[in-house]
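Each in structure tokens, the structures are laid out below.
Each of the next two complexes has chain A plus one more chain, namely chain B in the first and chain C in the second.
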Partner chain A sequence: MINFFKQQWWKWLCAGMLIYILLAGMMIPLGPGITSIQPFVFKADSVHTFTIKGYNTHFAENNNTQVWFKAGQEYFCTISTKVISAEEVQVVFGIPSSIASKINDNNYDVVLNSDNDGTISLREALTLVKAGAIEIDSTIEAKVTGCKVEVKHNQTNAFVFPFREILYESIRNTFYHVPMWFAMLMMVIFSTYFSVKYLQTGEAVNDNIASAFVVVALLFGALGIFTGMMWATFTWGEPWPNDPKLNGAAVGVMIYVAYIILRGSMTDEIKRGRVAAVYNIFAIVIFILFIFVIPRLPDTDSLHPGQAGNPAFSKYDLDSHLRLVFYPAVIAWILLGLWFTSFIVRIKNIEIKNL
Partner chain B sequence: MRKYLSLLLMLVVGNMLNAQGVDTLLRSNQKIYVVTAVFTIILVGIIVFLFIVEKRLKELERK
Partner chain C sequence: MVQYSGSKNISAESVVALFWLILLFSAVNAIANSLYQEPEGRKYYYMWLTAPANVISAKLIYNLLLSIFLTLVAFATFSVLVGFQIAHYWLFIATAIAGSCGYAFVFTTVGAVASGSKNNASLLAILGMPLVIPLLIFISKLSVASIESGVDTLAIKNLFLLISFDAIIAALAFVLFPYLWRD
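Our next item is the complex of A and B:
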């Protein structure tokens, strides 16, 4: 390991990959999507004009732009659709109360098809208020219900990151927040490996490497918590929602803080090494329990993707474009962790020689 | 001197974070500035770490 620490090639690899994830992660645009519709409340039995605002969309006149409103399983057409600009569409829509009363759902999704952007939608964009006594024109009923619905569910062809409601551009944090925990986990696994090696061989070098890995793991843990708090404030509304994954991660970090304190409290070198190594092996078991097992218990409900029984990184959480940056990001942050560890290990080795 | 400087820095950063304007800024432009904030946190963490490592190195050099 010491020889590996002194090699250069993986440090260049790490630097290159970090530059790649920063550039690719920030410069690949977000896919098209609908951000808002005005007004978002409407009454049955009257005709309204709605303005749909898109983001990174390319609406154009001869682009087969079609809009539907979806409630329950029913699709309704618009009376007319007019493209205002590349990111704005105006539609006229109304629904007779005779149809609306048959549907239990008062929340209407907006679904939009166009050749450039594929199918984009905004869930529960509109709320129907059941009011209005005026009998609606019967031609409107025919227009709204009697059309052919061809939702293509196709995707845009451009190389983009997926557009997700609430997340929007902050989906890029997948490359900066999530790999912190992967790096911490890797550092902790390496640390355990060297603790086991120390117990087998009794060489002080292994104990030093193990503790250096824990220090870097704590750096990543702290960064993971603070970046997570920042991201959570703007997606979940508060920095620390009551989420089993968050509390588990906090306890996991605390376990390793305790490792550093425990190791620092002993002066006898052999005793310190052995106690720290044994504690470290217990610590990783508890760490994995808190990070991976408890958030997945059936009666817990986590805000994080892939919790409560579902495997993480399903096709819904990460699409192929995100993966192209995410996997290099995980490797790059782990390599950076190894680089940092090498500093501490080398300093500690000099300290031992000087004593 | 360093104590006063860090105190001043904390006051400035604290005031900035309390301001309503920062909240509006971070939510603007489809929350792109949240990514900037997250990356800044990581950079600050790494720089603090490097300073701590350097402190240990300085002690070694003194010996």
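Our next item is the complex of A and C:
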């Protein structure tokens, strides 16, 4: 490991990859999507004018902009569609209660099709309130139901990150929050490896490397918690919802803080090394229990993707464009952790020489 | 506690929570005393006398019996003075025994780790607290299951998880103690 620490090539690789993920992660734009529709509550049997707001969209008059409303499996057309600006469309729509009462679902999705942006949609955008006095005439009923629906599901060819409701631009946090935990886990595994090696050989250098890895793992753990709190504030509304994965991660970090306290409480070098190594092996078992076992227990709820019936993150959100930045990010942060560790080990070696 | 006994309206969950809190702190103190009140020279006598695996198994068994004894005493006292409203006594007692077993194993192992430093009683609390949290999670789930009527298979699964957690801690103590023992 010391030989690996002295080599140069992986540090250049790490720096290059970090620059790449910072630039690509921040500069690649988000794909087009619908952010809101006003008003979001409407009554049956009356005609309303809705304003649809897009994000990063390119609506234009001669652009085949079509809008449908979808409830259950039924698609309904608009009475008229008017493009206001590149990010705003106005539609007129109404539904007779005779049709609406046949559908059990009162939540209407908005589906928008255009040549520039492909098919974009907003799920459960509208809620129908079944209270209307004015009967709308049969011509409107014919306009709304008797249309041909051609949802093209074409995707834009632009190089963009996927537009997700709730996440929006914060999807870029995938390159920071998620790799922090990957890096922390790797640092902790390396640390355990060197602790085992210390118990086998008794060489002080292995103990130094193990403790340096724990310090770097704690740095990544703290950063993972901070980035996670920022993301949670944006998406879930509060920085610390009561989520088993959050609490497990916090306790996991606490276990390694206790490792630092344990090392600090002892002065005799050989005894300290041995006790710290034993505790480190003990700690990783509990750490893995907290990170991988307890959040997956059958009766725990979690807000995190991939747990408790939530779809796995990679299944829907991690598309090929995100992967192009995400995988380098995981490698780059792990290499940065190794780089930090090599600094701490060098400082310790210099201190030992000066004694 | 005083407020609770004054009001007389204690829910079944809070009685169980109090029971486990009292048990946790009594187990920590009892095990800390049993580990650190032995004179310095006796350790070397044991080293000369027998193998480290024998010493750790003796410590684990002694602390296990001590903490089961404490649990039973606390259980009897609570049943008489406060009164549990438990639907499934067998599940609660199985949880109590497996849980106190976990307390004993965690604090014996951590106590052996902490015995190298000077102020080991406070270090025992710092090192031990994060490690007992998984135990507390299982215990609270099982206690709630034993209060509610109708036992599902989930409770049995959790009980097995608790027992396997105890086994993991005991196995780790067994493997790692010889390295601590060498001086």
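The definition used in the following text is that the second predicted complex is superposed on the first by the 350 of 355 C-alpha atoms of A that agree within 3 Å, B and C clash if a C-alpha of one lies under 4 Å from a C-alpha of the other, contacts with A are read in each partner's own complex, and residues count from 1 in each chain.
Throughout what follows, contacts are C-beta pairs under 8 Å (C-beta built on N, C-alpha and C of every residue); 3 or more make two chains touch, one makes a residue touch a chain.
Remember, it's a predicted structure, so these values are computed and weren't measured experimentally.
Applying the stated contact rule after C-alpha superposition, one finds that A:Met254 touches chain C and leaves chain B untouched. Once chain A of one complex is fitted onto chain A of the other, the partner contacts of A:Val275 are limited to chain C, with no touch recorded for chain B. Once the two complexes are laid over each other on the shared chain, residue contacts for A:Leu219 go to chain B alone; chain C is not touched. In the superposition on chain A, A:Gln38 contacts neither chain B nor chain C. Once chain A of one complex is fitted onto chain A of the other, the partner contacts of A:Phe290 are limited to chain C, with no touch recorded for chain B. Once chain A of one complex is fitted onto chain A of the other, the partner contacts of A:Gln8 are absent, as it touches neither chain B nor chain C. In the superposition on chain A, A:Asn62 contacts neither chain B nor chain C. When the two structures are aligned on the shared chain, A:Met266 is found in touch with chain C, with no touch to chain B.
Common to the chain B-facing and chain C-facing surfaces of chain A is no residue whatsoever. Residue ranges of chain A in contact with chain C, taken from their complex: 199, 251, 254-255, 258, 261-262, 265-266, 268, 271-272, 274-275, 277-279, 281-282, 285-286, 289-290, 294, 297-299.
Interface residues of chain B, counted against chain A in their complex, comprise 26-27, 29-32, 34-35, 37-39, 41-42, 45-46, 49, 53, 56-57, 60, 63.
Taken together, the chain A residues at the contact with chain B in this complex read 22, 26, 30, 35, 55, 167-170, 172-173, 176-177, 180, 219, 222-223, 226-227, 230-231, 234-235, 340, 343-344, 347, 350-351, 354. Those residues of chain C whose C-beta lies close enough to touch chain A in the complex are 109-110, 113-114, 116-119, 123, 126-127, 129-131, 133-134, 137, 141, 154, 157-158, 161, 165, 168, 172, 176, 179-180, 182-183.
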